[in-house]
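Look for subunit A in each of the two complexes below; its partner is subunit B in the first and subunit C in the second.
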Partner chain A sequence: MNKIIILFAAIVTLGFMAFTNHSGGVYKTNTGNINFFSHTAVEDIAADNHKVKTAFDAKTGKLQFSVLIKDFEFPKALMQEHFNENYMESTTYPKSTFTGTIDKMSAVNLAKDGTYKSTISGKLTMKDVTKDVSTIATFVVKGGVVNAKASFTINPTDYHIAIPKTVAPKISNEIKISVDADYTHDTK
Partner chain B sequence: MTRPLIILLVVFAIGAVFFGYNAYNKPHTNVAQSQASETLLASEIFVAFDTNEQAAMAIFSDRVIQLEGELLSKDLSNEKEPQILLKGNGEEGFVRCGFKPTELTKVLALTDSSTVKIKGICMGFNGSEELDLLDSKDVVLSNCIIIN
Partner chain C sequence: MNKILILLFLIATSRLCVAQDLDLLDEPEVKTTDYTTATFKTNRVVNGHSIETVAKNEFDFKISHRFGFLSGGPYDMFGLDQATMRIGGDYGITDNLNVGLGRSTVDKTYDGFVKYKFLKQSTGVTNMPVTATWISHMGITTLKWPQPDRKNYFSSRLHYTHQLLIARKITEGLSIQLSPTVVHKNIVDSTKFKNDIFSLGLGVRQKLTTRTTLNLEYYYVLPNQLEADKTNVLSVGFDIETGGHVFQLFFTNSSGPFEKAFITDTKAKWLDGNIRFGFNIARVFNF
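Moving on, here comes the complex of A and B:
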């Protein structure tokens, strides 16, 4: 009888842990933020996208992003037009994607509120050009929500983004990309 | 240099500055005051993108589109852009509509499962079959307004 009670208790405990401890599974959001910022002596240029689709696998650390280029909003309509039509050719290349890994996934305890850091490395694709990217991300786990923040810089020419000489002084060779996303456990 | 020529050059210079200033500061598309270039069901635009993304981009992207569809849910997880999901195609296909924060009150007043009419600028189709973790696909509209 005691064995049955112990077995029953173990099953209930394991079941409860599986339900409450989201240490596995996929975390995702469709409302992540990406900001890019270009600073030159002539002009600062920034744009935001608030519908970034991203997810990570809490077991393997696999991390993916998909972002619509046209959905970056600039303060000025003319900047947005030039960005889409002249530089990013966003009708031809509508998306940018990132596939990579959270390198120290095991160090990020999703079951315990706290702040954790890990390098992220992977491949960023824009305009059909894929380049390696690596940066350090900060993960803040709070009440089941995982906020991730990271930033890195890219050079537009690496992605075949041609900047005309007439506007080159206004656009930096180092564009800062900042990511800020609140992931929740995907219960599907 | 003759006086009329100087006056002509000054007028031309003022005109050029005025034109340049207006072009540089031209406003974003005002969705509320724009005529929709296409009016269709949310499920129809989803099928169009899911069938042939490139062709759908040519028809819909950057255009003001009016859609009618079933409200699946409100997604208020990003305070910078309240969003709603309209039924696109089953459980893996949606139309995602983003609103300015000033529209939040109207978004909150919407009832799940009701039929809503919105107008917004079509941005494209997010999601990819190559990205296994991002299994759902969204037709994305921005700067939306609620019509009904």
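Moving on, here comes the complex of A and C:
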């Protein structure tokens, strides 16, 4: 009798472990790229962050991003300082996150090389302000690597990013955010 | 036996708990070193240098004015009728190594310096409590010789200043700098006075908004080194940063825009109302 109970318990345990082990379906990277671009007649401003952490769950379509603000690199050192000090206040708000879903996850066949599209929708948090964001992403599956590209625009004032009048002509109120990440299967 | 069962169930359920709180990015943060930036808005506190350096291939063009005494009253437009000025700039050979040149109206002085930031305040993998910068200045006064008939040596025109600048950004708003300084004058008026003058500078900056700061700077000259009529320099200023420019507006009792002048040649006293208004304008150009 006891043996049966142990066996049963073992099966249940292993079952749970298998069920809760997401390694089967999680794709991730720590070196995703986010670029932002602000265009005005006076000046174009661009910066890149090559240390973006992002992952998605191939079963549920859940998608996450985590971005350290201070990892954005600018061509000019002074711009980077002002971005962190004055606009993003990155000591107070070090991180920006996105949590959402790949709406048509089932349409993206990760086992077959090809190009797939899906809408992405979710919540973007910056400077403690959370807003809904949605866009269309392109997934290119090739040899087990999933490249995802998407872009959308945000208005800095939505995220309490104060822009003084004197520099207002240099900073667009439609900042283009471009995301480019190569996901690989998380085998851990 | 029951213990094993409980253990197994515990393992199973604990995995479930993790699963319910699904976070795909649940890996522990990779430890990195986080370097402190923007301890000061610019590479000057008020008169003296801060630990900040300009970045590689950037040129920080500086114009500094110190007007006459506020105590001059309306007749002198509270000092605006007179001014001493320095025009010069700092250039970044690397992010940490800077050189600078300037020309001041005070004693028709040319000055040059080499500045190197050799410690950076950081947290994380490398923990460093302070940022430290070394700066060596040389000045050449080019006034006509007061006694042209006697034998005059070019070396008499030279003076040097060496400073160790140590600063800590204590909070996001508050930074403090200590600046042990030695000024060397090749020539002094009398053997009673020292050629090497030791002093200790104190700089404090407090952010008022993200773009403005209140700065305080004081240089304490150790006693029995200078003429009795000399006094220590005290300055209070505001930094206003507008993107490419930093405007530093300040009140000080020195007219000297370089180290030897404001540390060892200051005579005016705050308590007598002999305070000057002044400003530094810094504009950074990229190459």
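Observations
Basically, the second predicted complex is superposed on the first by the 164 of 188 C-alpha atoms of A that agree within 3 Å, B and C clash if a C-alpha of one lies under 4 Å from a C-alpha of the other, contacts with A are read in each partner's own complex, and residues count from 1 in each chain.
The rule is short, and it goes like this: a residue touches a chain if its C-beta (ideal position, glycine included) is under 8 Å from a C-beta of that chain, and two chains touch if they have at least 3 such contacts.
What you see is a predicted model, and the numbers here were worked out from it, not measured in a lab.
Touch criterion met: A:Ala55 reaches subunit B and subunit C at once.
Using the contact criterion defined above for the overlaid structures, shared-chain residue A:Thr166 touches subunit C, although it does not reach subunit B.
Of the two partner chains, subunit B and subunit C are each touched by A:Ala77.
In the superposition on chain A, A:Thr29 contacts subunit B only, with no contact to subunit C.
By the touch criterion stated above, A:Gly114 is placed in contact with neither subunit B nor subunit C. When the two structures are aligned on the shared chain, A:Val67 is found in touch with subunit B, with no touch to subunit C. Of the two partner chains placed around the shared chain by superposition, subunit C is the only one that A:Asn86 touches, whereas subunit B remains out of contact. When the two structures are aligned on the shared chain, A:Asp182 is found in touch with subunit B, with no touch to subunit C. Overlap of the subunit B and subunit C interfaces on subunit A: residues 26, 28, 30, 53-57, 62, 64, 66, 70, 76-78, 84, 91. The residues of subunit C lying in touch with subunit A in their complex are 1, 4-5, 8-9, 11-13, 15-16, 18-19, 22-25, 30, 34, 37-38, 55-56, 58, 95, 172, 210-211, 241-244, 284, 286. By the touch criterion stated above, subunit A contacts subunit B in their complex at residues 26, 28-33, 48, 50-51, 53-57, 62, 64, 66-71, 73, 76-78, 80, 84, 90-91, 94-95, 97, 99, 182, 184. On the subunit A side of its complex with subunit C, the touching residues are 2, 5-6, 9-10, 12-13, 16-17, 19-22, 26, 28, 30, 53-57, 62, 64, 66, 70, 76-78, 81-82, 84-86, 89, 91-92, 162, 164, 166-167, 170. Residues 23-29, 53, 57-58, 61-62, 75, 77-78, 80-81, 83, 96, 98, 123-128, 130-134, 136, 138, 140, 142 of subunit B touch subunit A in their complex.
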